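Working notes for the structure below.
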């Protein structure tokens, strides 16, 4: 296991790369869902108060 | 924003658009000339939608907005020669005549930068005259004008409709135009 | 440009400056507030030349020019809070009251960019109200305003002079202000 | 030719519902493929005989770089469709591609830099391909910036569409820069993979990752498209009905 | 109705007359170019050999930044005072009028830059033989930049502080011009043949001539709305 | 009557709020700086050793140009919409209000530039040890530039196309800053002591703090007339 984690001496590059990429993927998933949720909330708010701003 | 509006204007008519601040007069005029696209609804000229052949439509209309489209560094006469020249051939005599008509003879060769607010408005009006087109669309044409200038605008509009043209203008105070041929469109603020 | 002019205005008076386009109304007002230096002649406030202590003089006056001094990206309320805040302490309630008074309650929290020409003018007028100073100098305060807005300007001016203030305004159409306390200064062009 | 399918596809409520149903069909396979590719790439694939285990960055670097280009191309194509046929739904797709594409450009740049340190001894070099990728990031930022600077959504759509189309010229430059400028080339250790000599245990996880990332991209864009459509259509009856039910 | 040529002539004449009435504007890009090319020797050590090495880069970055600054003014004044609106409503082809405007813009900014580049090059220690190559490459490059700038300037018209967006949009697209232009200049200075990068610059110009005015007109129409 | 501190706070708060409402403006100098420092390696040959040689020059010219561009906006919007007129008529000291404006301008442009300079320096191959020296020199330099810019921006306000005159007036005055700043940066990169040029930069800042607001207020008053 520790040999795997060491990545043949390249741990300092490989793991940050993985972290960066999957961090970005996670963030994209969160951001996309958040944007859909906020759009729905906005639409709901507008539907409640009537469609004229 | 504007809703439930429908009207037609014929040659020889002056349509006066009135309404409180923010009623949508400016927006209506800009939609009429095709600068803004209406979200729904149709605007036709001679029976055809204006966006079908926008260039042909535009070559028939003159627009004067809240601001006067003048270059501060050119003289009044130069402004007109260039500005109207791209529409149709005009010579110095035509320019001078138009400037005389709006009472701008006294300052026609001064850079527009040095003109007062009302003087600029007069020069812009001369441009509308010079365009020589049937349809005028004017947004508060008489702002910054003195009493004499207000009367002038009324006279110009009258002459245009007598000659069979159409004038659409947004105003706060009615222009002094004879009632015959004048129609009013009152917008209400929502 | 301006010549042979001499006048004095007292507390409780409204001075209405009229004159044809280019007569020099704007130039006169800018000289009055000390933005332009008169080539000859003296302007005094409470008996002292205004340039002697310009800051003290300026802290007593509010100026509204042809253009409304508003930031397009701030809301109406923010514009006033910052713009007037540097003159005197004001709170949100005072701002809201002033905006109500000029009929701007409906759009006080929208960026000024999205307001119509007349709506902006109303916000600018609210700024004059809020300044809470004795001397108002206004250049065509009612431009772009509808009939209701014209009446509003008249009322505001009246209130100011009844409270012992002074108003100097350049106009083309007389403001609806009671005659008592109103003085007219007609400039002639050249 | 019957064009009704085209207009039906372009009708916002239809696209909204279609996107909703499609999301899970893309998202779950993406998750599985990415997990499998990762396992294959990090565990099963043998170390490269020259780069050792360092080469494993390729399994996130190359798919990210590929997505950064694909997203831009897709954005430009949908923007052009929206501009030409005045189709709101196409603009919504274009607008949704931009943030996702920009983030994967960041991923490609970041992983590339992290890889560059052990391989070239520096995080950054002014190589044409690297530069062009950086330019791509600026183009994305410009697109996003232009959109956010224009309030009116209709105008923002059309203005940014013009920009996306003009900027598409950068895509082939990124793609083929390595071949066009042999003058300042990447270190040869990189290009070895281009040769067919790359072994299957190394290649298979990479291919799986490519498919997984592409599906992930599709799922992300579809979710964002739904949000974009709702924002544009908030006044429409179908939206009010849907949210009040 | 005025003919298209007449209209274009008037557009160009108006711009030229305005520029000559307001000399400072005319001098701005030139000055900027001169100042940037002078700042460098000041900031770097002024050894001739090192200067000559960086000369292509300095010349091209300076030319690029100078044109970029000028691009901000390509439509700005006309948009503010309503002239652009009048162009759009003139009944003439907006594409054509904007093409004329772009041409006059190049005459007022790009051309003087190209003509002045030999002086700046001389200041950086470049030999006289390289001058034709430098002028030619900067001429082509500034034409392409003006065309590109017409599109991005049109796009950023409606925006509050367009300047920031304008640089952000234009510079990345201008990178290929910079690379090939600097390459051509470097070759000219080294006495090598310049045809390769020059053809590429010419290709950009042709592409720009055919597409940019159309895109610019679309952009301006959108921002007038 | 509001106190002077209150007034300054409001001026700064207004500027910051406007800037954050309009992010593009906030990013402009940074982007410009980033782009210029990116263009250079592209136009020059990208060999690290040669890049490192020109790094101080590139960094400083880029920082100077970026601040210069931003200076154009220091008063322009406020002059156009009449805010400056209202400042002059507010009964507060115009000198003081303009000083507050200059401060907020530096916070929005100079400070981000200084903070970002290490990234650009890295791109040019500069070692990490040089970073404190680079940040310090660019901080001082941008403060001095903002102060200087307030004066020249005030002077060029009334002019139609102020931009040209603004560069022309500011750049020559900024040359000493550029020379000492680049010297400090070069020393920092070479690992030599930087105190000498840094003291000179600091002296310029002190001089600017005492004189520039006064001169700026006088300049603005003249251009309002």
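The first chain written gets the first letter, and so on, giving A, B, C, D, E and F; residue counts start at 1 in each chain.
Throughout what follows, a contact is a pair of C-beta atoms (placed from the backbone, for glycine too) under 8 Å apart; a residue touches a chain by one contact, two chains touch by 3 or more.
Quick caveat, the model's predicted, so the values are computed rather than measured.
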Worksheet item: If we look at chain D and chain E, which chains touch each of them?
Response: F
Item to complete: Please remove chain D from consideration and report which sets of chains remain connected through touching.
Response: A | B, C, E, F
Worksheet entry | Chain pair with the higher count of C-beta pairs in contact (C-F, D-F) | C-F
Worksheet item: Between chain A and chain F, what is the separation of their C-alpha centroids in Å?
Response: 37
Fill in: chain B-chain F separation of Cα centroids, rounded to whole Å
46
Worksheet item: Quick one: chain C and chain D, Cα centre-to-centre, how many Å?
Response: 57
Worksheet, complete the sentence: chain B and chain C have mean C-alpha positions lying a whole-number Å distance apart equal to 29
Item to complete: Please set out, as single numbers or ranges, the residues of chain F touching at least two other chains.
Response: 22, 24, 27, 35, 42, 160
Discussion item. Multi-chain contacts only, two chains or more: what residues does chain C have there?
Written reply: 72-73
Worksheet item: Considering chain A alone, which of its residues make contact with at least two other chains?
Response: none
Fill in: Parts of chain D lying in touch with chain F, wherever the complex brings them together
122-127, 131, 134, 138, 145, 148-149, 184
Worksheet item: Given the complex with chain B, which residues does chain C contribute to the contact?
Response: 19-22, 26, 66, 107, 115-119, 121-122, 140, 143-150, 172-173
Worksheet item: Mind pulling up the chain C residues that touch chain F in the complex?
Response: 33, 35-37, 55-56, 58-63, 65, 67-74, 78, 81-83, 85-89
Practice prompt. Using the touch rule from the top, collect the residues of chain F that touch chain C in their complex.
Written response: 1-2, 6-7, 10-11, 13-14, 17-18, 21-22, 77, 81-83, 85-93, 97, 224-225
Discussion item. Residue numbers of chain D touching chain E in their complex, please.
Written reply: 83, 128, 131-132, 135, 138-139, 141-142, 145-146, 149-150, 152, 154-155, 158-159, 162-163, 165-167, 169-170, 173
